[in-house]
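Alright, structures below, take your time with them.
Next, two complexes with chain A in common: one pairs it with chain B, the other with chain C.
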Partner chain A sequence: MHNFLRYPRLFYTFARNSLIRDMTFRANFLIEILSNIGWMAMNLGFYILVFSYTKSIEGWDQYEFFVFIATTMFINSLVQGLFMPNAQELSELVRTGGLDYALLKPIDTQFMLSLRRINWSSLGNFFVAGILLAYALQHLDQTGFHPVQYFLYPFYILCGVLILYSVMFSLAATSIWLGRNQSLYDFWFYITNFSRYPMEIYGGNALGSSLRTIFTFVIPVLIVINVPARMMAMPMKPEYNYLATFAIVATVVSLVASRWIFKRALESYRSASS
Partner chain B sequence: MAFIEIRGLQKSYRVYQKQEGLLASLTGLFHREYRNVHAVQGIDLEVEKGEFVAFLGPNGAGKTTTLKLLSGVISPSAGEARVMGFVPWERTNEYRRRFALVMGQKNQLWWDLPAAESFRLHQQIYAIAPTDFDRTLGELTDLLDVGKLLNQPVRELSLGERMKMELIAALLHSPEVLFLDEPTIGLDVIAQHNIQKFLKHYQEVRRVTILLTSHYMKDVAALCQRVVVIAEGQIMYDGSLAGVVDRFSTHKVLTLQFAGDQIPSDLDQYGELIEAVAPKVKLRVDRTEIPKVLAALLAGHTIEDVSVEDPPLEEVIADLFVQSSEQAGKKSKEVLAVGHSGR
Partner chain C sequence: MYARAQTWWTILRICIEERLVYRGDFALGTLMRFLPIITQIFLWTSVYAAAGQGDIRGYTRDDVIAYYLLTMVGRAFSSMPGLASGIARQIRDGEIKKFLIQPIDLLGFLLLARIAHKLVYYGVAIGPFALVFFLCGNYFTNGWPEASVLAAFVASLVMAFLLGLFLEAAIGMIGFWFLEVSSLLFVYMLFNFFFSGHMFPLEFLTGYLPDWLQTVAHYQPLQFLAYFPAAVFLGKIEGPELVEGLCVQAAWVMVFFVVCRVAMRRGFQRYSGYGG
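Then we have the complex of A and B:
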């Protein structure tokens, strides 16, 4: 078996086993899907309400903003579906000593710990996002769009997912040092709270622009949704090229940093009593 | 070079000394006292290919820590180890493909899925060829008699059945070295016996090298030619199981059956009276005194039956643990220099 084929195959088996498991508790599975979709529908309803009072939010009109929301949903569903359950479990594995078994396996430990559980019910939102995006694009005036934007959109979604993954996994890895770190859910809430608005709203005064600088360049969560959303909602403009380039740099740096933090943390793993 | 080679292996932890009570917990937020626990204190050991070695020792002796070090799960504070030429804590994939660790108190199978699904996953993780996988799985399920349980969710299996599945999961990739940490813990006598039988057979056929820790002397007696006694992170004894008794027991048990229904009243002078139900008596006698005592007894009384036995192994080991922990208790008062540090 070729080495580069091994990992996709493993991922397939992880995904398959997770689906089998989720299906075992099918009522729970359906409720999770429905509550996820319900939550996003309420969000959407809120913005429809907002747009009944105003024509645009800092340059984003209704359908452009729908593209933004669809992008949020794409990225959140991927991160929550693929990485969230694993990051949460990591803290538990450290506390109970279950990490031992992961360390014994002759495959990349970070890969295994990042992807072994997949939360299929969160991926339900991915399809809802697809419908929303198609609807928004139908009403959107796309004159002036460069064809390459349609290809860059999924690419930047991937970048966004990887940045959020890196931040999340690094945070989860700190539980190896701390013995326990269950602040992940809170953290996720804070981060997505910042990232789910267009970055233009963090302008104007000193507080806004300093938040914008921190969450763009230090913990790059603002670009996670903003860069791909703009790519699909508006024609490309040269003044945003630097941000698009930075997003690629930020993705690479985040991934490398998460790996470094994880490896450093593993060195101090103590393995709970058996 | 030996198959497994350990030199001066040490592992220490810094443990937060939590005081009882709420107030102490609040103080602990700002000022913490730490204690250094020396789980393994300089172990030297060589194990040859195909040996079945038991680690014996009381709780907290450092047995499990040693196995974790050899599996590369944790890194040592000092010293070195090589298993099949690999440094375990480098965790190379080559090494990890060639050994397995089974922990009786932790499980690695997916709880909500049938064991068969976890085995498939192992096949891919270890890159086991399909034909090898089918053959090995067939053999193991036959030997352990769990063929019918493969498709039942793991959470619905009994503890003994689950342990068998854990063993299969660990052996699917045909490891050359096997670390077993309390594999029979919590199992009933029959299940224990089944696991022992399986391990014995498996080791004889495959000639794998096995290190086992267990609290059940029966496991050890049934399986291991060589016993390593560890207490307080150090090796106290390394040799055959029978040798433990020779080396550490100072007494033998003398059983006498007297003629008639009377027991002589002067038996105290020969040794410690353990049991006296007429006409039988059990005496604990110093090993060196046995010939003299026997001669005197036979000369002075009419005796119908006599036997001289070593004390039960459990007893010898238990005594040994008590002795070693008393010794270590003296020592650790010196080691127990409490480190103060703010946080």
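Then we have the complex of A and C:
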């Protein structure tokens, strides 16, 4: 029990150290937050433009879609804030042999490699997302809303974060095999790009359905945002219950798979330059 | 004159060889870059289906997709990855000194290095590009444009390359004054993303702008990096408008060329040679 309890304490220390580090360059920190918000504003602007020409996209009207975007922002800010800097560092650790240092520590290696650095500035978007969500919810017709959705929404956001984390960490772990994985970020961007749209748009032809199937069941990035967003914007539609159930299964399977991939990759780690 | 040409040729050759080292990574990266297009096809198909009208500000769904593909070509010419940040880094760590000592012009070197990069890029990327354009041929409902339009398209692409180069180099030169330009570059990329027409045909936006902003939007330089060549190819800009557009683009190339030169000269004067 004592062993297990030290992980929250360690996480707290990691978070504190990262914050101290970020606060050393305060102006830079502020600019990063602002530019993150800037990107999101541009993205939002794009959809406001699109919705000026159409009333809805595959059944999502403007404010429902704002909920979707807010969900995207919640999940992305958490993933980028907590895991992105670590995943990027992992390939660097493999290349330089710094991974030895992490392996020698008397704690779980995956835990350490996943959470050592926290990028606080990415969490700025989290608050903007909250404002956007509140604004969008005010404009939604809330008949059929159910109190339980407000508990399920954060839960499914957490599921989404964990699925994305698993994908990212698996990708990062492949750098142990490949020696170097510079295009990790590119790859990541192109895969998650599929997740940032309502899954209904992938349809109408064979390519659409196969994309939808692959990104739901093989690399489950499509459910990451779709399930929580739907839970909040159009809750409790019976035809989507199976998807919400599947999301839980997918989260567990992704986590287990990423751990397995990481362990396998570690076995073939040959320390470099030390 | 001959010696100079030889120097330039050598620089070009070295840069080409340097780029060819990573050709495998390169080809894969290029093909992956088309993946977001797939999402865009599905997104715009949904938008047009829901909008219930055949065209939005003169663009049909097929036009929009063709437009996206063409902006990829435009950006293949105009995007300069790492140029501004590279210059700023060289200023910061002192590497830029070599241009003060060696008889090589910094801007000339950058131009040649980028030509080399682009030549290698096209050499490798032409495969993926040809494949994608062949697969998506149906979206080009009007087929190939006339020879004159094609010539204008090529001219606008070449100028897009020069504009992208001088614009980013100018931003990099700011490093002489501020050392760190990454946040500035971020702001630039933000505007570039929106106003180069990389996300949507700019007509979608300009219709909503007040008059005075429309004038600004009509002449702003970023549109020539992606929107303008694509719109020319699709025949959205024709006749006198096309000629005017090309002239404005040429003017912007000159402006940023001069800005670069002046900034470089001024920058070297105040440069104090810090770093290695």
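A few remarks follow.
As a convention for this text, the second predicted complex is superposed on the first by the 272 of 274 C-alpha atoms of A that agree within 3 Å, B and C clash if a C-alpha of one lies under 4 Å from a C-alpha of the other, contacts with A are read in each partner's own complex, and residues count from 1 in each chain.
In the analysis below, a contact is a pair of C-beta atoms (placed from the backbone, for glycine too) under 8 Å apart; a residue touches a chain by one contact, two chains touch by 3 or more.
These figures come from a predicted structure and were not determined experimentally.
On the superposed chain A, the positions of chain B and chain C stay apart, so the two partners fit side by side.
For the superposed model, the angle subtended at the Cα centre of chain A by chain B and chain C works out to 90 degrees in steps of 10. Of the two partner chains placed around the shared chain by superposition, neither chain B nor chain C is touched by A:G130. Contacts of A:P235 after superposition on the shared chain: neither chain B nor chain C is touched.
Looking at the shared chain after the overlay, A:P154 reaches neither chain B nor chain C. When the shared chain is aligned, chain B comes close enough to touch A:Y101, but chain C does not.
Taking the two complexes aligned on chain A, the least Cα distance separating chain B from chain C is 7 Å.
Put simply, chain A uses no single residue to touch chain B in one complex and chain C in the other. Contact residues on chain A toward chain C in their complex (touch as defined above): 28, 31-32, 35, 38-39, 42, 45-46, 49-50, 52-58, 182-183, 186-187, 190, 193-194, 196-197, 200-204, 207-208, 211. Chain C makes touch with chain A in their complex at residues 25, 28-29, 32-33, 35-36, 38-39, 42-43, 45-48, 50-51, 56, 183, 186-187, 190, 193-194, 199-200, 204-205, 208. The touching residues of chain A, when paired with chain B in their complex, are 1, 6, 9-10, 13-14, 17, 20-21, 24-25, 96-101, 103-107, 109, 112, 267, 269-271, 273-274. Taken together, the chain B residues at the contact with chain A in this complex read 13, 64, 68, 71-75, 91, 93-94, 96-97, 100-101, 103-106, 108, 110, 112-113, 117-118, 120-121, 124-127, 153, 181-182.
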